[in-house]
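Structures follow.
Shared chain: subunit A. Partners: subunit B in the first complex, subunit C in the second.
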Partner chain A sequence: MMLHALISGDRPRSRILTALLLAIFLGLLFAPFLFPGVRALETAARISVFILLAASYDLLLGYTGVVSFAHTMFFGMGAYGVGLASQHMGRGYGSLIVGSLAGAALAAAFAFLIALFSLRVRAIFFAMITLAVASAVAVLVSQLSSITGGEDGFTFQIPRALGPANRMGEFMGVQITGKILNYYVVFFCSLILFLVLLRIVNSPFGRVLQAIRENDFRAEAIGYRVVRYRTIATCISAAVAALAGSLFALWLRYVGPDTTLSFELMLDLLLIVVIGGMGTIWGAVIGATLMVLAQTYLQDLMGSAAEATAAIPLLSRLLDPDRWLLWLGVLFILSVYFFPAGIVGRLRAGR
Partner chain B sequence: MPTEFLYGVEVVLNGLMAGVLYALVALGFVLIFKASGIFNYAQGVLALFAAMTLVGIMEGQVPFSHLINAIFGTEIHHFGWHIPAIAAILLTALVMVALAWCVHTFVFRHLVGQEPIILFMATIGLAYFLEGVGDLMWGSDIKTLDVGLPQGASFWIEENTAFLGGEDFYGFFIDKLDIVATLVAIALVAALVAFSQYTKQGRAMRAVADDHQAALSVGISLNFIWVLVWSLAGFVALVAGIMWGAKSGVQFSLSLIALKALPVLMLGGFTSIPGAIVGGLIIGVGEKLFEFLIGPAIGGATENWFAYVLALIVLVFRPQGLFGEKIIERV
Partner chain C sequence: MSDPILRLQGVHTDIAQYHILHGVDLEVPRAAVTMLLGRNGVGKTTTLRTIIGHWPARAGTIIYDGADITGVKTPDRARAGIGYVPEDMGIFSDLTVEENMTLAAVSGPLEPTRRDRIFAAFPPLRTFWTSPAGTLSGGQKQMLTIARAMAEERKLYLIDEPTKGLAPAIVSTMAAALRELKTMGASILLVEQNFAVAKALGDHAAVMDDGRIVWTGEMAELAADAALQDRLMGLSMEGGR
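Take a look at the complex of A and B:
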């Protein structure tokens, strides 16, 4: 019952999906103990952040039916907020909190302005406007190098307790360092915000958003102010994205345009949401996990596959790690082809 | 005439030339978007692929030589011939048609009726795939593309315009390649317009762009038209690839010109061919002039963001772009 309340009554509605979600949840929860090693922890943290980011994007794309290209801009605002605050106010929890809140507030304000300008016209132009704004901001950030460190970005200090130098003894055969503590901060913050998002999409407010997605004119006719609902959804989504950015910056102890603002990141995000399944927050979990794993381990996997097939020259050459872009492209096309409703949609339909 | 003014004119001329290239890339987008509603993210990679193929054919490079050598234990890399540019361009055009057929048959035919965002995703996958295939086919090294187009500053123009200014004006400095690019682009657009206005296939193409179902009901084959449209986009990409490749070498950054074309599309409207051209010219001239006039005052390097800001301002007042179709929402 408590679990039911926690996930806001939005059950996965498919056995396989439930099993997958549980596996991902447990995997992330015990990541430092199950998968030792720096790289595995890095991947786990990245998955946590991207689940949150993708879920916040799904609130906009999947639930409200608004296509935005500025989501990584909001993500970046949170990241730069934490980075700049830590740099100028000194290391400490205060600057982390101030930085993330300022980033989230700025993102929400920006989102409000953009929404006000463009959402009245038609949802598709929102996509164009956000694309223009995001591109302009990305270029400006890399040019204002005195403030933002330009293309290189900058590193900053976080509280000592969260750094790798903080050793706190051993547990289950694993050396507990500040890095692991940091991971749990990232993980639990992502988890809480994720549950909040789940609550939002299953609230009456979320239902109105879905109604707007299905038929905005009818929603208006029933008496809901469509523009207002869309605007609020945009602001919430932007603020959560900024918080995800803050967590990401906290984890990396670095901010830069490539990790937070780039157009490639925006495309990854779109893919995560579409592959996972639009219009269901659980899709974000599956999509983000798959995407990050593919990006991190596809090259490794291909490397070992190439070795395994060394006897067959054609296959081993095709599976060479240098070819990973080719296979990523094939994966995309196939997943769009076989799961147009996303993996979650497919699993639910095949129940 | 005051020298300052003449420099301004030179900046405008150079801007026009740059704009032509932007327009070329944007044109490929518009063609596909109009006929099938697909926002083709792969257009830039298409240009890259075309340019690579052209270089490969001209140099007599063996495609997939890496793979072939691995399988048969051979050491072939070159056929040992050099094909004249014209023949190579024609062959490349054939390759682009084959590619268009493959793209349609293996990917988009199965995705008919999906949501636009799904189609967009598929083109992203296509872009990655093509980049990978291009790499596999022709290798990843930077190549120089020389199809015999004149290059370098035109001395004729420089000498014959020097009289316009005073002592310290040496005439307009204009790259010959830019002039050729402009002429080719004009010819290409004229050919496209003629094709779509006066040929049967062209009319069918416009009919499909207007209304899929109506076109289908009068017996136009959608499959054929979509292959045709992708082929045309491939030709446009080939021309754009030749021009950009001749300017700065054939390398993977060529695929980024797609991002340069986005503000052009926003400005001109996604469904308008004149819009793509005028939008390209406006942005080309605009960013050069802005850099020339206002750039020094605010620290320069304005070319990177000017286009997006301009597009943004236009979008706020005219969401459909300068030439886009008026959107009338019927109740």
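Take a look at the complex of A and C:
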């Protein structure tokens, strides 16, 4: 019952999906103990943040039917907020909180302005305007190198308790460091915000958003002010994306255009939401996990596959780790072709 | 007679470069069913959509319940008490029947007495209450669109071809539900091609041709005069007279 309330009554509605989600949850919850090693923890943190980022994007794309290309810009605002606050106010929890809140507020304000100017017109204009604004901000960030560190970005210091130098003894055979503490901050903050998003999409407000996505004129004729709902959704989505960015910056102790603002990141995000399944927050969990795992481990996998097939001339060349992007692309095409409603949509339909 | 719930005066509506309504003058009396009749393509649907605000009126005025609503936005017209039931059903197929109904009650929760009255009029909606609306049959979807308009008190209903493409058995369910709506005291502007239904439900009638109202009067008068029907509507009307 409590679990039911926690997930706002939005059950996965498929046994396989439930199992997958549970596995991902437990895997992330016990990541430092199940998968020791720096790289595994790095991957787990990245998955946590990207689930939150993808879920916030799905609020816009899947639930509201608004296509935005500015989502990584909001992500970046949160990241730079924490980075700049920590740099100028000194290391400390205060800087983290002030930076996160400032980033989220800025993101929401930006989203409000963009929405105000463009949500009244056709959807394609909103997409174009977000693209233009995001590109302009990315250029601005790389130009203002005295403040932002330009293309290189900058590293900053976080509270010592969250750093790798903080050693707190062993637990279950694992050396507990500040890094692991940091991981749990990232994990639990992502989890809480994710549950908040789940609550939002399953609230009456979320139902109106879904109605608008399906038939905006009809929603208007019932009496809902479509522009207002879309604007609020855009602002919430932007603010949560910024908070995800803050967590990512906290984890990396670094901000730069490549990790937070790049257009490739935006494309990754689109793919995560589409592959996982638009219009269901659970899709973000599946999509983000698959994507980050593929990006991290596909090269390794291909390396061993190439060795195993070394005797076969063409195949081993194709499986060369340098071709990993090619295979990632093939995987995407296949999954979009076979699961047009995303993996979650497929699992639910096949129940 | 009290003042009409709705009055259109010289309403012109353009859709893109096409001039569809050429000065519609129409009165919809309170607590009665007014049939909006005419051949296909004469502007009946456009008239309804202009009243709800989907298409802006280029000229003319729309007076609703004593107030000029010509410049009012669609959601505010809806909240002022105009219920619109489109021809294409326009249900939210990803949402359940219950969620569709809950959404339709804009100003508060769906009252249980109202819900029970809807269940009585449309029993299948009770059966499929928690199913996604997209899985309903065509007739059930149409029931849901009407039921949605009944989710809360509306002063004026604009209903566009509620029986179009439905099986005869469902047509009579639909007609019964509309009659129920009428006995609840609602004012209804109804576009209907099925003349038998129109005859059974209508109190007043307005006939359109080429973007104008060309005849208004009592439905009984029109139903009794075959020559008038032929002159006004040609042979496009279906059903017996």
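By our rule, the second predicted complex is superposed on the first by the 351 of 351 C-alpha atoms of A that agree within 3 Å, B and C clash if a C-alpha of one lies under 4 Å from a C-alpha of the other, contacts with A are read in each partner's own complex, and residues count from 1 in each chain.
Throughout what follows, a contact is a pair of C-beta atoms (placed from the backbone, for glycine too) under 8 Å apart; a residue touches a chain by one contact, two chains touch by 3 or more.
Keep in mind that what you see is a predicted model, and the values were worked out from it rather than measured.
Peer 1: Could you look at A:293 and tell me whether it touches subunit B, subunit C, both or neither (first, second, both, neither)?
Peer 2: In the superposed model, A:293 contacts neither subunit B nor subunit C.
Peer 1: In the superposed arrangement, which partner chain does A:271 touch: subunit B (first), subunit C (second), both, or neither?
Peer 2: first
Peer 1: Please work out whether A:305 is in contact with subunit B alone, subunit C alone, both, or neither, and reply first, second, both or neither.
Peer 2: neither
Peer 1: In the superposed arrangement, which partner chain does A:323 touch: subunit B (first), subunit C (second), both, or neither?
Peer 2: first
Peer 1: Looking at subunit A, does subunit B or subunit C touch a larger number of its residues?
Peer 2: Between subunit B and subunit C, B touches the greater number of residues in subunit A.
Peer 1: Quick one: is A:7 in contact with subunit B, with subunit C, with both, or with neither? Answer first, second, both or neither.
Peer 2: A:7 contacts neither subunit B nor subunit C.
Peer 1: Is A:279 contacted by the first partner subunit B, the second partner subunit C, both or neither?
Peer 2: second
Peer 1: When the two structures are overlaid on chain A, which partner does A:24 contact: first (subunit B), second (subunit C), both, or neither?
Peer 2: So A:24 meets neither subunit B nor subunit C here.
Peer 1: Classify the contacts of A:263 with the two partner chains as first (subunit B alone), second (subunit C alone), both, or neither.
Peer 2: Touch partner of A:263: subunit B, not subunit C.
Peer 1: Is A:215 contacted by the first partner subunit B, the second partner subunit C, both or neither?
Peer 2: In the superposition, A:215 touches subunit C alone.
Peer 1: Let me check the overlay on chain A: which residues of subunit A are in contact with subunit B and also with subunit C?
Peer 2: Looking at subunit A, the two contact sets intersect at 217.
Peer 1: Within their complex, state which residues of subunit A touch subunit B.
Peer 2: Checking each residue of subunit A against subunit B gives 61, 67, 117-118, 121-122, 125, 128-129, 131-133, 135-136, 139-140, 143, 217, 263, 267, 270-271, 274, 278, 313-314, 316-318, 322-333, 336-337, 340.
Peer 1: Hey, which residues of subunit C end up touching subunit A in the complex?
Peer 2: 52-54, 73-76, 78-79, 84, 86, 90, 92-95, 99, 102-104, 106-107, 148
Peer 1: Mind pulling up the subunit B residues that touch subunit A in the complex?
Peer 2: 41, 66-67, 70-71, 107, 110-111, 114-115, 117-118, 120-122, 124-133, 135-136, 259, 262-263, 266, 301, 304-305, 308-309, 311-312, 315-316, 319-320, 327, 329, 331
Peer 1: Touching residues of subunit A toward subunit C in the complex: what are they?
Peer 2: The touching residues are 204, 207-208, 210-211, 214-215, 217-226, 279.
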